Amino acid sequence: MIHASLDDSTGEILGFAMEQLLDAGALDVSFIPLYMKKNRPGVKLEVICNRSDEKKLLEIIFRETTTLGVRITEARRAVMTRELRKVHTPFGPVRVKRAHWQGVVKASPEYEDCRQAALRAGVSLQTVYQSALTRTDIEGEMTE
Amino acid sequence: MIHASLDDSTGEILGFAMEQLLDAGALDVSFIPLYMKKNRPGVKLEVICNRSDEKKLLEIIFRETTTLGVRITEARRAVMTRELRKVHTPFGPVRVKRAHWQGVVKASPEYEDCRQAALRAGVSLQTVYQSALTRTDIEGEMTE
Amino acid sequence: MIHASLDDSTGEILGFAMEQLLDAGALDVSFIPLYMKKNRPGVKLEVICNRSDEKKLLEIIFRETTTLGVRITEARRAVMTRELRKVHTPFGPVRVKRAHWQGVVKASPEYEDCRQAALRAGVSLQTVYQSALTRTDIEGEMTE
Amino acid sequence: MIHASLDDSTGEILGFAMEQLLDAGALDVSFIPLYMKKNRPGVKLEVICNRSDEKKLLEIIFRETTTLGVRITEARRAVMTRELRKVHTPFGPVRVKRAHWQGVVKASPEYEDCRQAALRAGVSLQTVYQSALTRTDIEGEMTE
Amino acid sequence: MIHASLDDSTGEILGFAMEQLLDAGALDVSFIPLYMKKNRPGVKLEVICNRSDEKKLLEIIFRETTTLGVRITEARRAVMTRELRKVHTPFGPVRVKRAHWQGVVKASPEYEDCRQAALRAGVSLQTVYQSALTRTDIEGEMTE
Amino acid sequence: MIHASLDDSTGEILGFAMEQLLDAGALDVSFIPLYMKKNRPGVKLEVICNRSDEKKLLEIIFRETTTLGVRITEARRAVMTRELRKVHTPFGPVRVKRAHWQGVVKASPEYEDCRQAALRAGVSLQTVYQSALTRTDIEGEMTE
């Protein structure tokens, strides 16, 4: 995880940096509001990435933002195993991610599939999301 | 109250703007973290002021920040009446603000007095603050 | 809506104030993180209430927090009409709020019902919530 | 300005709502982090719009989010007059917005022009932005 | 410390998760507002716990929230030693925690004791808190 | 990096603690808004420092804030090399920090120099900042 605290980059600059970092392979990019010295509202940039992408992402951070130094930390991870299945909703097909960890099983419809179905059908995102979940058999196999 | 939402001013610029606004008579200046479009972390600037200072403060906002337009709202106010008394602590004299509203009475030591006493005596701000409160007779008169 | 900006109340004090305000009839209470002068992280307290409860709530705000003055604003409201129906889930009965506004219809299960069902059945809140929604007929009548 | 406080919409739902609101003509959409009752992290949605778009935007808010009621407030506005000019940078042409209010004059390069020039030239957004500002004659006419 | 960044859990879900985590032995649970990709307001969940409770808490996080993976980090700790004493206030007995670290000594009244005394006596939490502190002998023994 | 999560220190106390920590050699101090249990808005204090200053800073944190325990983490760092040069603007001399990392080069004018020049000349901070950057030769030597 790469962290940088910024008090002299604008929101516009940071929005562009997020776009660049995601395009370059960052797994996740986020901003945390921060109160810095001299009454400055700042932002903490956090980038999660594979070790192999670190150098490429550092170059973007140093080029696009005003930071002069970043901190890099390692963490253990606990992850759920995932599998992707497709379900058929009245608004079109939607992939649903089913995840397991020990006894826990849960499902979450893919955002981009739901978004496109909602736009196409003129219904709310929530409606498509619910519709996909209703058609997902969490315990057994998914109904395709 | 003057409000502006900003996505292209830096924290440094905003810290300086706060300093300018307070020097020019703003009663209160604050920043609220804001999520704006295109993944931009932004800031909402809020300035509380007397009507007569509005033009002067707008000039600072337009000059120092990148905003192109602000919103101005009016509000009713409910305020406690206040009186300032001095109490003697082991760390030196501290003014205490005593406030009333209907049946409610409360007291708060002046920050700058406590800060200077703490720095002078090498004790924590909290210690001076407590010491001043202990010497404040909230219900009756303050013990001077 | 009653607003107060606070830089000298603690989180503990504010959590207690929220509890008191809700018990005294506030419709909604929320805190917004705020950056105030002299590098102080502060909090904006916002209370939504009926006009008739204003005096009682002001008394709590002035008594429990350190604020010396609040701002009160009025707003027009646009609200959805609501009706409450009960559905039967495998985890017990859950009331679902169905709301309308012009052509829009939507449903949301009652939090406290879902919470109790989840605790009783040892399943996740999300599972109960989904289960209740699946049994809700948004367009026509709810299936009881 | 339309406000809604939300504790039961997800970030995904809200990101989609912002997209819909901007497409439907909202002048500005922002999210403010909010602490709500029962330990719930929530979000205040704020939408700035022309009066004529209000009904259309309310429909999106009620359809896409979980809110059951919104507050609508009016505000006076103070705005700078603006004019758009084009400047030629080594990275291509960029439009610069020049703004006036009383004695205050300032300039800001258009984000989308800078973004495209930066991506095309492989330089940082900041580099294009600076380059455009350097070529902008704030006091007199812009150098075209 | 267990961390998860969430953009598809609601505030209601997260409030319930906090309750579950604290009941299951988490030492501390907090939420940090986060700006995630695609204009999503998100939340970082942070849980502090003993190593022995980790598995039980992970199960709650995976079951109740939408996260598919968490990060776990270790930290050195520096802690003050604490001792709990009781003081008698006009509002009833209150336990006060006295803490030491090297030369530093400080005291803080127990929140739940103060809360109950304030509710019983109909005074502000701050009043009870002050009253307990005034009766606490920080340097020597507490006055019982 | 030293971290502490606080729910019973006020903004005034924290602003004073930041001042003390910076005076005692902390490299950076920041506050992050945090949602803690029992509906408490809290603050995470983060202090970046050299290992040799750790004990001195811990003493300030324990003395000035209410925390009873902090967490200390280590991180790898990636830093740009920096050199400071002076440029002459119409508003007076300004030092500009030029930074390198691999192929990346960038420049940022010193805040305090710009601030004083802006106050002296009665122009905006942004104007001085731009003026200094325009006179900075990023690729080659700075024009003195």
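In order of appearance the chains are A, B, C, D, E and F, and numbering begins at 1 in each one.
The rule we apply is simple: a contact is a pair of C-beta atoms (placed from the backbone, for glycine too) under 8 Å apart; a residue touches a chain by one contact, two chains touch by 3 or more.
Because the structure is predicted, anything quoted here is derived from the model rather than measured.
The chains in contact with chain C and with chain E alike are A, B, D, F. Looking at which positions face the partner, chain A and chain F present mostly different ones, since fewer than half of the interface numbers are shared. Note: centroid distance chain E to chain F, computed from Cα atoms, is 29 Å.
Annotation: 38 Å between the Cα-based centres of chain A and chain B. The geometric centre of chain B is 22 Å away from that of chain F, both derived from CA atoms. Counting partner chains per residue, chain A shows two or more touched chains at residues 8, 12, 18, 31-33, 35-39, 41-42, 63, 66, 73, 106, 111, 124, 126.
Arrangement of the chains shown, judged by which pairs touch: all-to-all, with no pair of chains left without contact.
Those residues of chain F whose C-beta lies close enough to touch chain C in the complex are 6-12, 14-15, 18-19, 31, 33, 36, 38-43, 66. The touching residues of chain E, counted against chain B in their complex, run 33, 35, 37-39, 41, 106, 124, 126, 130, 133-134.
Considering their complex, residues 1, 18, 22, 28-33, 48, 73, 75-80, 82, 97, 99, 101-104, 106, 108, 111 of chain C touch chain D. Contact residues of chain D toward chain C in the complex are 3, 5, 8, 32-38, 42, 44, 58-59, 62-63, 66, 68-73. Within the complex, the chain E residues that touch chain C are 12-13, 16-17, 33, 63-64, 66, 111, 115, 118, 124-126.
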